[in-house]
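In this document, chain identifiers A, B, C, D and E correspond to the written order of the chains, with residue numbering beginning at 1 in each.
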Amino acid sequence: MSTFVEKLRQYRKPGYYDKFDYHWTMTIDLDRCTGCEACMVACQAENNLPIVGEKRFAENREIKWIRIERYWEGEYPDVKMRFIPMLCQHCDDAPCETACPVFATYHNQDGLNTQIYNRCIGTRTCAVYCPYEVRYFNWFTYTWDEPLEQQLNPDVTVREKGVMEKCTFCIQRIRIAKDNAKDDDRRRVRDGEVVPACVQSCPTEALVFGNSNDPEAKVSKMMKNPRGYKVLEELNTTPSIVYLTKVHS
Amino acid sequence: MSKISRRDLLQYIGAGGIGVVGGVLYGESVQQNVELLIPQVVPPEDYSPGVATWYNTVCNQCPAGCGISVRIREGKAKKIEGNPVHPVSQGRTCARGQAGLNALYNPDRIRTPLQNVGQRGSGNFEEISWDEALTTVGSRIGRLKIDNEASRVRLLCGRVRGHLDELFLQFMNLLGSDHYQQYDFTYPSALMAANKMSFGTDVLPYYDIRNAVFLLSFGADYLGTWISPVHHSLAYGHLRQGREGRRGKTIQIEPRMSLSGAAADEWIAARPGTEGLLALGIAHALVSEGHYHGSDRDEWSKALQAYSPSLVSAETEVSEDKILRLAREFGTSTASLAIAGGATAAGTNAVASIVAVNALNYLAGNLSQPGGIIFNPDPAFSATAGSRQAGFQGMLDLIGAMKAGDVDVLLVHDTNPVFALPDNVGFRQAMQNVPLIIALSSFRDETTEMADLILPTSTYLESWGDDVPDPGVGFPVASISQPVVATLYDTLPVGDIVLSLARQIGGELPIHMRWGTMEEFIKERWREEYDQRGSEGEEQEFEAFWQAALEAGVWGQPGAVAGDQPVPLSSSMIASIADPVSRFAGDESDYPFVLHPYLTATFFDGRGANLPWLQEMPDPMTSVVYGSWVELNPVTADELGIREGDVLDVESPAGSVRVPALIFPAIRPGVVAIPVGQGHAAYGRYARDRGVNPIHIVATLIDDQSGDLAWAATRVKLKLTGERLQIIKTDGVTRTLGRQILGPENDHA
Amino acid sequence: MFDHGQPSYAEVNKDVLSVMLETGPKYWMLLGTTMSVAGICFFMPWIYQLFVGVGAAGMNRNAVWGSYLSNFIFWIGLSHSGTLLSAVLHITNSPWRKAIYRSAEAMTLFSLMTAAMFVMVHLGRVWFVHWSFPIPNQMGLWPNFRSPLMFDVMAITTYLTASSIFIYMGSVPDFAAVRDASTGLRRRLYTIFSFGWRGTAREWHTLGWAYTFFAIFVIPLAVSVHSIVSWDFALSIVPGLHHTIFAPYFVCGAIFSGTAGIVTVMYCLRKFLNFERYIGQVHLDSLGKLLITLSLIWSYINILELFSSWYGGTSFELEALQFKLTGFYAPLYWEMILFCAFVPLLILFKKIRWSWNKMLVISILINVGMLTERFIIVATSQPRKFLPDAFGFYFPSWIELSITVGAFAIFATLFLIFIKWVPAISIYEVKETLKPLRRDA
Amino acid sequence: MSISVLDALRPGKKPALLGLVLVFGLFVGAWVHGKYFSDRSPIQPIEFSHMIHATDNEIPCQHCHIYADRTPVAGVPSVSKCMGCHNSVPSVREHPEILKLVAYWEKREPIPWIKVHDLPDFVHFTHKRHIRAGLACQECHGPVETMNRITRVATMRMPWCVDCHTERNVEHGRDCWTCHK
Amino acid sequence: MAIMGSFAFEEDFLTAAKKLKSSGFDKISLLSPLPLEEAQEILELGKSPVRHYSLAGAIIGAISGFAMATATALVFILPTGGRAIITVPPFLIITYEMTILFGVLFTLLGFHFVSGLPAWRDRPYLSSASSDRFVVVVEGAAADQVARAEAIIRDAGADEIQHVGEGQ
């Protein structure tokens, strides 16, 4: 009986998890970010993002799991350009997840906001609900001009038309790291073993990724930075990405 | 249900039969396609299916020479990342480096040797065999050699470093032609010349942005395109947030905000062409305000007398206060660094401007200091590649020779002068006078299209080679480039082609160039280097070294020598100070705007335009994809009644291009900017017939001292054509509208 | 009640059944036209879209929802008056309901079906639509009942079931009348359709009770359906959609457009099926008054919505508000206000209220306005959400426009088929409104 | 005069029965197809018998499927591997199936085996983890050592995987991203 | 044996019905083209048991609705959006819809049970009953009572009387 009550309590608990197994988190230091977009191409290469073509771009149908948003401040001559990389925030209270009628997106034990492409039926509700607009829809089945398809990453599936997709924090790399950890008889992945493609490429090291459950992880230390904030925090989506503001001098 | 008639029974059986057949057909239709399981005939040694392996090699997407690691699965390249042990890239890559895969797997690669069968430049090519191609070339060159006319053979290539350069040189020498030239639009000729004047060194110094505290950049887009962007970005990250409690500051001086301008704390749009003057103004203030304490203070103040901040302020339209403030900060910061590049190094005053900037560095006392300019030791090998840079003057000479009929055979490799030279120098027309043009190329760019014979080269990911990054990183480094995948098509690495040609030509060439392949050649050279450096030279040991070097992709002596180069005397520096104000082609009244062409972080000088990932990468500053645009200040646009998307005729004294307008808040009024990179007439499906090439309308003014093309010294006028064109960009509204996006302090509407 | 004198019982049968039993070439031509329009404008583009992907429509990264969803709400809304009105009037025992409710309910059913079609058209991978139904499946994975879309699935399924049952049960005695007036296969079919209905007192009694219960169930159901549709939007946090007023707003708008739709359908029935005798001034008058009331409520809620956006004062809401009122789609917004808030006020004039032609025009204008309203909801809010950099723009493609037009043809086709299969006016209930025949009369 | 639904239904009896027979036939057809014509045991280019190799000659699985315990893919033996043994087995050298093998080898062509166990592209599966977790090959592939022609025993569909993960209490075994990619 | 009498006037029909009822005939069917409250009163039908079906359906629907939402959520635990696995408010909406769905379905079932429809077996009927005739059917009358019933019907003013063989 007590286990029943315990279980019921668990099922009634908001968010369900007591604690994430890993809490994958990213920090993005805007003071380092130069807007060079190396991360965008890295992501495109790693995650088989399609080459959509000029026509689709003109129609605003591009797919970029990570993009750089640009904001101007002031007017000439005191004009400033601010870059902010925008990718799936892997919100713990994600508005998109509840929207899906078929559980194609849900929150897993690693604190990741998942998207199971093969389950998606394409209602696109998640994209509407997402305040960060980081969910991208496959309006068409995209193809690669032969032989460009040879560079497709076999660890990531190629999505067909009618499917929503988004940043996965490079789940395939997390998977490989966990696999290696198991091979070494370690239960846990070490800090720095998982590096998503964008973080890996970032030439200014503005992006840091890791398990924020581990207080020793670099990302946990970065999160303590007083410059840290979360985008659109007032929406209470509790994102997993912490931005560090640009310093004014 | 008493009796069923025979007729009924047949009907039931029929229905059942149809059902069964239908069921079987249904089963057949939902059956998965037959997938085959193809085993290897003989498995390679280190082959593991489903497991990735990494091979280190060198990136060739720009001349920075970053080390890269390529992820290989089942023999196919999947991902390019930085080589973590390589001192230039330190595990990082830029967008262009990543897009190298697009070059390897580009659908528009040349797959077999081709022979032109139509009119030259018409693009009618026919496939031929390697034998045929090499025989044709070999016999032609061989005949010239026998006739002692080998000097009528010319070799023009892009920026080639490492032992490939030596191979080319040897080939041409043995042939008896001293016409081996390199042409690279982005080669910093002015910087080299200025440094030679200021510091007396032929080797580019290492700019230690990483440890700088105050970085003053005169037009150098060090984060996007200048010299070694990935390395500078790493340094920039450290400058900003790498040191506890000490955030470096950067100032960018340029008429149109570049990526580095956006990153800077302050962006100053001085009058175009006066950046060098501004540097002198700052130098004047440095000395006169007493921030310089050297023994030669008086000499400096004398030399800088004419550049008082008030005078400079009037000329540059930068306020005197600002000049004084910059001087103070520059003079008092613990580690100040001034660099120059971009448009500053592309006026008629380029060398003078850079000399002025060098003077700033000298006055701040940062030469051979951490966070300043560190003089590189001699590179590991092949230090002379830069000296073969033709420069603009060299290209004019080549054109002259071609026009005069002095060139019989022109070998072109990895350079695209038809695209990267102004239209009115007539490179393309001059090519018509050359009887035989041979392109050693992977892609059919504009220059390759003009060839009679195309010998397809393998890409850098399929070839052997080595490289010495230029500039170095303060200590001698060499990287090995190795093929990471098997050659995709019937192509050969360029070194192998040269060796084959040598064999084909015969004579003493094959005797001296006895290596079968580039790999053999490189390995032998490395062995020689290894032996020279006083190692035991045992076979076994070199093999181990070679394997280790291959695995690491790089070999060097970290921290061996840094800054032990002599600091040049100030007298030579003082003597080289000249009035650095650029002239402009075109009269201000006829051509009211200064044209500011700029290299883009996406296409560099246009060589990236055939890579779909780069075409689809929004321009970092404007978010535009697929196409060109001309940037205008909002106020200017307002005055002229120009809206975004209005197609303008941008007319210079040298020509005109038709391009849509883009309103850009961070450009000086009176300046219009057009990105370089698009506007290809050939170069594959992704690049072809897209946008315009501003280099084509650049007037052929040259820098007074280096003779290089002053590509930022052209004036233009704008004409509304009445047409409109949608500029494809990913941005919506580029103001935060007071929303909490950029962080608590940064959000003001 | 009867503008042209009271008909006899037998005449009622004859009048109503003749529509079903006698079919002229005009009907076939009309049916042929609507069917081909449906085929060419709706199904062909849709099939094209199925092969190409939803990209055939004009939606994009910033506006992933487009006209398909606005059409969906429109048709759901149109469905609202039929069954709901019929049920409410049944419970409140309003006699004027009886002549019009059958077609009104048919309208409900068919617009609901059309709406369901739009869900299919909207979906990216419609071939997996069964994953959103709670049916046992080999993956052991069920739909997510926490999702507002699942509320929709449940609500619309229930609504479709309940209103089909409602209309069917109400028609059973009339099926018996059809049966008795025909022979051969039709007679046999209608014997089955009418369950062998004889019209005994017990049958009438049971039907009466059951019908009342259906009505009781249907009223809250209809209200819930459109509330739930509004929650698809309101449960998001998108500025311009995240309003608590949305549920009543949608319900009211739905009844509003549905009532206008009934006027249109009444007009057609009267005009083309010669039901002048049964559908008279009293119906028009009552519907007209209802329209005014609904229009006023609708206007009030609209003002309230603007007010709460403005009063909230966040940059998000203000921006959304500003774009709605003055942005690219502002002309559409003001067109909607004109058609839905001001035009219905004309009905206050008896002259207009009593004119069939004028009411037809007004009812169509109202529905044009309501279609616009749905479009504005979709097109103005979600391309302009939180991050200005991701602001975008949405304009429907010709495929969407064609499908929008085709949907009306589908609706018309279904209606045309309906009038040949089901008595368009409830025979027995019309008889109830007649004075009983007396021997001494 | 009278009325009856049954009467009205009567003429439809035969079409209904015919329809029923048709539907029944469909099921029978689908079953027959699944049993006898499916891709579960396709005819291979060479009649390779696991029975002879694994049972009669007692060759362990991983002698040929060498990658199974270290990579995601089990791997089919290379042609050279087959030849390596068969060169030294003179007794069957003249067997027609072996001659086929030799023919492939001499042409330096791979043998186009037909996949029996094929997972769709969106599934992430690794042999390594399963073997290192101590699973016997037979648990998924069935008694391969007794088969002359290989037959797929398990469905290899999602519920089959999930059931096993549930039964064995695999850590996060029911997280979708464990198997989907 | 069954006797059918058809009336043109409602009042005559009701008179006949009343008389037949008071004369002890219990298997009377009163066929009318429209619902007649008086006829239902004569047969003392009172409140219909259909309402029990509706109530039962609603309750079953409510329970099964909530149970379905809960149980399916527990079959495969997939947390979404920081909500609990068993989330009451959304599940109540499902409950609400299922209540109505089952209520309607059960009411339909109730209608069929209570009214005895669909009527498989042959039943005496006049096709004019769906148009403008009111028909009284007396069934199961003993042979000696037939004449009396016929007399009552005729006296009330029936314009047509038929004898129908039962089970025909």
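One rule holds in what follows: a contact is a pair of C-beta atoms (placed from the backbone, for glycine too) under 8 Å apart; a residue touches a chain by one contact, two chains touch by 3 or more.
Predicted model only: the values in this text are computed from it and were never measured.
Engineer: Taking touch as defined above, what minimum step count separates chain A and chain E?
Structural biologist: The distance in steps between these two chains is 1.
Engineer: Go through the assembly and pull out the chains touching chain B as well as chain E.
Structural biologist: A, C, D
Engineer: Can you name the chain whose C-alpha mean lies closest to the mean of all the C-alpha atoms?
Structural biologist: Chain nearest the overall C-alpha centroid, as shown: A.
Engineer: Distance from the CA centroid of chain A to that of chain D, rounded to the nearest Å?
Structural biologist: Taking the mean C-alpha position of each chain, the two centres sit 37 Å apart.
Engineer: Taking the mean of the C-alpha atoms as each chain's centre, how many Å separate chain C from chain E?
Structural biologist: 30
Engineer: Based only on mean CA positions, could you tell me how far chain A sits from chain C in angstrom?
Structural biologist: About 42 Å separates the centre of chain A from that of chain C.
Engineer: What's the distance between the Cα centroids of chain B and chain D, rounded to whole Å?
Structural biologist: 52
Engineer: Among all residues of chain A, which ones touch two or more of the remaining chains?
Structural biologist: In chain A, 60, 62, 69-71, 95, 98, 100, 103, 106, 119, 232 touch at least two other chains.
Engineer: Hunt down the residues of chain D that sit against at least two other chains at once, touch-wise.
Structural biologist: Residues 3-5, 7, 126, 176 of chain D each touch two or more of the other chains.
Engineer: Please set out, as single numbers or ranges, the residues of chain C touching at least two other chains.
Structural biologist: In chain C, residues 62, 140-144, 146-148, 150, 192, 195-196, 198, 386-390, 392 touch at least two other chains, as defined above.
Engineer: Can you name every pair of chains that touch?
Structural biologist: Every pair of chains in contact is listed here: A-B, A-C, A-D, A-E, B-C, B-D, C-D, C-E, D-E.
Engineer: If we count contacts the way the header does, which residues on chain A are in touch with chain C in the complex?
Structural biologist: 56, 59-62, 69-71, 86, 95, 98-103, 119-125, 127-129, 131-133, 136-141, 160-164, 232, 235
Engineer: So in the complex, which bits of chain D are touching chain C?
Structural biologist: Touching chain C: residues 3-5, 7-9, 11, 157-159, 162 of chain D.
Engineer: Quick one: which bits of chain D touch chain A in the complex? Just the residue numbers, please.
Structural biologist: Those in contact with chain A are residues 120-122, 124, 126, 128-129, 132, 172, 175-177, 180-181.
Engineer: What residues on chain C touch chain D, complex-wise?
Structural biologist: So the residues of chain C in touch with chain D come to 138-140, 187-189, 191-192, 195-196, 198.
Engineer: Going by the contact rule at the top, pick out the chain E residues touching chain C in the complex.
Structural biologist: For chain E paired with chain C, touching residues are 8-12, 29-36, 39-40, 42-43, 45, 47-48, 50-51, 54, 68-69, 72-73, 75-76, 78, 80-81, 83, 87, 90-91, 93-94, 96-98, 100-101, 103-105, 107-108, 110-112, 114-120, 123, 125, 127-132, 137, 157.
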